[in-house]
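Letters are used for the chains, namely A, B, C and D, taken in the order the chains are written, and counting of residues starts over at 1 for each.
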Amino acid sequence: MADQNNDHLVHSDDPDHPANLIPSLCKQFYSLGWVTGTGGGTSIRKDEHVYIAPSGVQKELMRPENMFVLSYPTPKYPPSARQYIRKPLDLKPSACTPLFLAAFERGAGCCIHTHSQWAVLVTLLVEKFHGKEACFEISNIEQIKGIPKGPGKGMHGFHDTLRVPIIENTPFEEDLTESLEKAMEQFPDTYAVLVRRHGIYVWGSNVAKAKTQCESLDYLFQLAVEMHKLGLPWTPRG
Amino acid sequence: MADQNNDHLVHSDDPDHPANLIPSLCKQFYSLGWVTGTGGGTSIRKDEHVYIAPSGVQKELMRPENMFVLSYPTPKYPPSARQYIRKPLDLKPSACTPLFLAAFERGAGCCIHTHSQWAVLVTLLVEKFHGKEACFEISNIEQIKGIPKGPGKGMHGFHDTLRVPIIENTPFEEDLTESLEKAMEQFPDTYAVLVRRHGIYVWGSNVAKAKTQCESLDYLFQLAVEMHKLGLPWTPRG
Amino acid sequence: MADQNNDHLVHSDDPDHPANLIPSLCKQFYSLGWVTGTGGGTSIRKDEHVYIAPSGVQKELMRPENMFVLSYPTPKYPPSARQYIRKPLDLKPSACTPLFLAAFERGAGCCIHTHSQWAVLVTLLVEKFHGKEACFEISNIEQIKGIPKGPGKGMHGFHDTLRVPIIENTPFEEDLTESLEKAMEQFPDTYAVLVRRHGIYVWGSNVAKAKTQCESLDYLFQLAVEMHKLGLPWTPRG
Amino acid sequence: MADQNNDHLVHSDDPDHPANLIPSLCKQFYSLGWVTGTGGGTSIRKDEHVYIAPSGVQKELMRPENMFVLSYPTPKYPPSARQYIRKPLDLKPSACTPLFLAAFERGAGCCIHTHSQWAVLVTLLVEKFHGKEACFEISNIEQIKGIPKGPGKGMHGFHDTLRVPIIENTPFEEDLTESLEKAMEQFPDTYAVLVRRHGIYVWGSNVAKAKTQCESLDYLFQLAVEMHKLGLPWTPRG
């Protein structure tokens, strides 16, 4: 019988294969409070394939056979070839798909979307104190050295100001794509975009970089919320 | 020898069988702080049987043989047939039983009762600022999209206002039944009822829905408490 | 060779044997933040023996052979017979020993001592707002129903006021014994005594009761600290 | 083939061998939030070798073969002999190396560097309320008895004041060495140095002491932040 749904794409003994890695990462993200109640998602690009966690499932219980696989433009596949080449019949594709693809277009190998409460609270604090400003800023905290300054520019220095753009949320997740791409243009060095009252998208050239950058950012958002409670400014006063 | 206590009802190799699932769920809920110190409980309906965790036990240490089983009205069993068909001799049935049954009457397949501190704090904040009002309200937070608008109505939209009714606590848990059912009538679309200074009852048509809705609600309650500390309103000001 | 150090007392295949249970409980208490950095301790009485975790060890790494065993007065052993009948040579006995014994004298089968930060913060808040008062009080919270009203008196009701006496800390832990015993006399119904700027002692007739009461109390202390931050009183205003 | 990279130094069946212990400790520290996003580090000295976790890796995923090994001055190796005798080819040595060595010079057997948020917040609170003062101070909290008063001086008493020096952060971690050593001279009894807006270095004569002291300090920093939120002073008012 032919493998009509390309099931071979999600069968591997390698724990680092995307079909195995996405479930184990999501289980870890669940315990971090990033993907509570089916929220959030994760995607990995491997060569000409993009692997994506499905929509609406308990993220800590996913299995390799739940993965969607999308063909991804390379010499082998022209851009118009972007299409699902594996669809679990009983599941819905993630509404985050076009947002993950926007990151892959910028060279990402992995993109993580969380509903972290710290990310949400930071966007609310910026909204309250600075209006609909487009940016979270923090500096002079060691952990910002865990975030790159931009492609080919090395990591942030201790005295640098880390800037993470904030876009407004939309009723339908896929409608975030345009403003996400606009933020990526306005902040060409960023590896993350906050979504107000929603969460964050973080990406990196590989899984380790996306995950550790997501961790460092979440650390900084939590610290920023606690600093606000204690009356401590996020950047030294001018 | 006859299986006089219907022990066959709690013996299964299927990890998703209610007698196996309730202990594993309660262990997870323990680590989330939802069933600390024997508080809280969980019940699953499967066909003509309702499985219920016992009262007064360490929820993270439960075993399948600790489960109570109640016959549940179907064509096979008339309503008057609701009775325990399995009772562990050394344990007490849960005082939440009539409350779980009220959810099952509304079509639920699983009902979760937690003592989450975030749920308790939210009821205290509503009490302090709005008197004995019957409702927690929040809107414009992405995670509310994880909660259904009502039977057959799809999920909440980002701009919708999520409303969770609050009932007053009573000295004896079973005495909550009347006000719980009244709240269910007043809020026919709700899948959850908060109990002031006590916790929450959350239900869904199956285990996955009850659990993920309970997670999304708990996320929102925690966020709401943090928003209150930071002076941020739960719904945009009029 | 004779078993001169009574090693047979700590060798058992039963996971509920005190020599096995104390290490597994302490590992769990470590993850709850109750016995950080070698702080805190646990003791179980079984018939004519009292098992006690040693002093100054990493509580999450204890092994059965690390247990101290004390003979405990029964018809078989007169009160003067209280003496160590097993001492690991490379370890120090717990300074909490006389405090654990005070609980056993009141009929306890297990006594838990934690350095929980919530317990410490509650004693500091009572100190700040009520001076050196001897008592933490809370009522109208469902979780107080997890704490007994006193020997043979059943559990607290929802409207009852839970009172936990607070004693002043002393430079040497064993010097707490006198004031602990005095608090036990003044509050003959209590199953717990807070130690200001230090932590708490909780006991029960068996391990399950001591542990679940300790959990319920810690839940209430955490809730009380959060209520204080939110300007919510611990008991309804008169 | 010769073992040119001294791989035998990191192969052991003993779970307490430094090459096995550093990965297992770092996994535990990750779950405590101390080494989020590749931050922080750990080093153990064993006889004439110093084992050091590499830079920039996910600390919860480290393996024995990732360890750097440095020769350490003993009669066998003169001070000038300090050099890497094992370097994993694909990894970078930790920038913390000279700071770890400064602790080893003071007789330490293990040094832990964390980015704990509680440590960072404490340095920010001292900065805000006391300017660029060099010291965090707390007293009359039982947990300070888990910190030694100084080499050969026993542990802090309950009424003693624990002092942890704070040094200013520098853009490059290795540039902290001079001020760390200066703080060690000014506070010859300390087993820890806070780095403002960065984290902490904690050491002890062996792994158990370094780890439990690090835990006790982190407990105190968390408590101090909560006390500050509640308006409670860290030391009794004069």
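Definition applied: a residue touches a chain if its C-beta (ideal position, glycine included) is under 8 Å from a C-beta of that chain, and two chains touch if they have at least 3 such contacts.
Worth saying up front: this structure is predicted, and the values here are computed from it rather than measured.
*Asks:* Greatest Cα-centroid separation from chain D: which chain?
*Replies:* Farthest from chain D by mean C-alpha position: B.
*Asks:* Indicate whether more than half of the residue numbers at the chain A-chain D interface occur in both copies; give same if so and different if not.
*Replies:* Because under half of the interface numbers appear in both copies, chain D and chain A meet with different residues.
*Asks:* To test your reading of the model: what rotation angle superimposes chain B on chain C by C-alpha positions, in degrees to the nearest 5?
*Replies:* Angle of the fitting rotation, chain B to chain C: 90 degrees.
*Asks:* Counting in whole Å, what is the centre-to-centre distance of chain A and chain D, each centre being its mean C-alpha position?
*Replies:* Roughly 32 Å separates the two chain centres.
*Asks:* Can you work out the whole-Å distance between the CA centroids of chain A and chain C?
*Replies:* 45
*Asks:* Provide the list of chain B residues touching at least two other chains, using ranges where the numbers run on.
*Replies:* Residue numbers touching two or more other chains: 229.
*Asks:* Mapping chain-to-chain touches, which pattern fits: line, ring, star, complete or other?
*Replies:* Topology of touching chains reads as a ring, each chain with two neighbours.
*Asks:* How do the chains pair up in terms of touching? List each pair.
*Replies:* After working through each pair, the chains in contact turn out to be A-B, A-D, B-C, C-D.
*Asks:* Flag every residue of chain C that touches chain B in the complex, lowest number first.
*Replies:* Those residues of chain C that touch chain B are 140-143, 146, 157-159, 208, 211-216, 218-219, 222-223, 226-227, 229-232.
*Asks:* Name, in rising order, each residue of chain A that touches chain B in their complex.
*Replies:* 33, 36-39, 58, 115, 117, 120-121, 124-125, 128, 169-171, 195, 197-199, 225, 228-229
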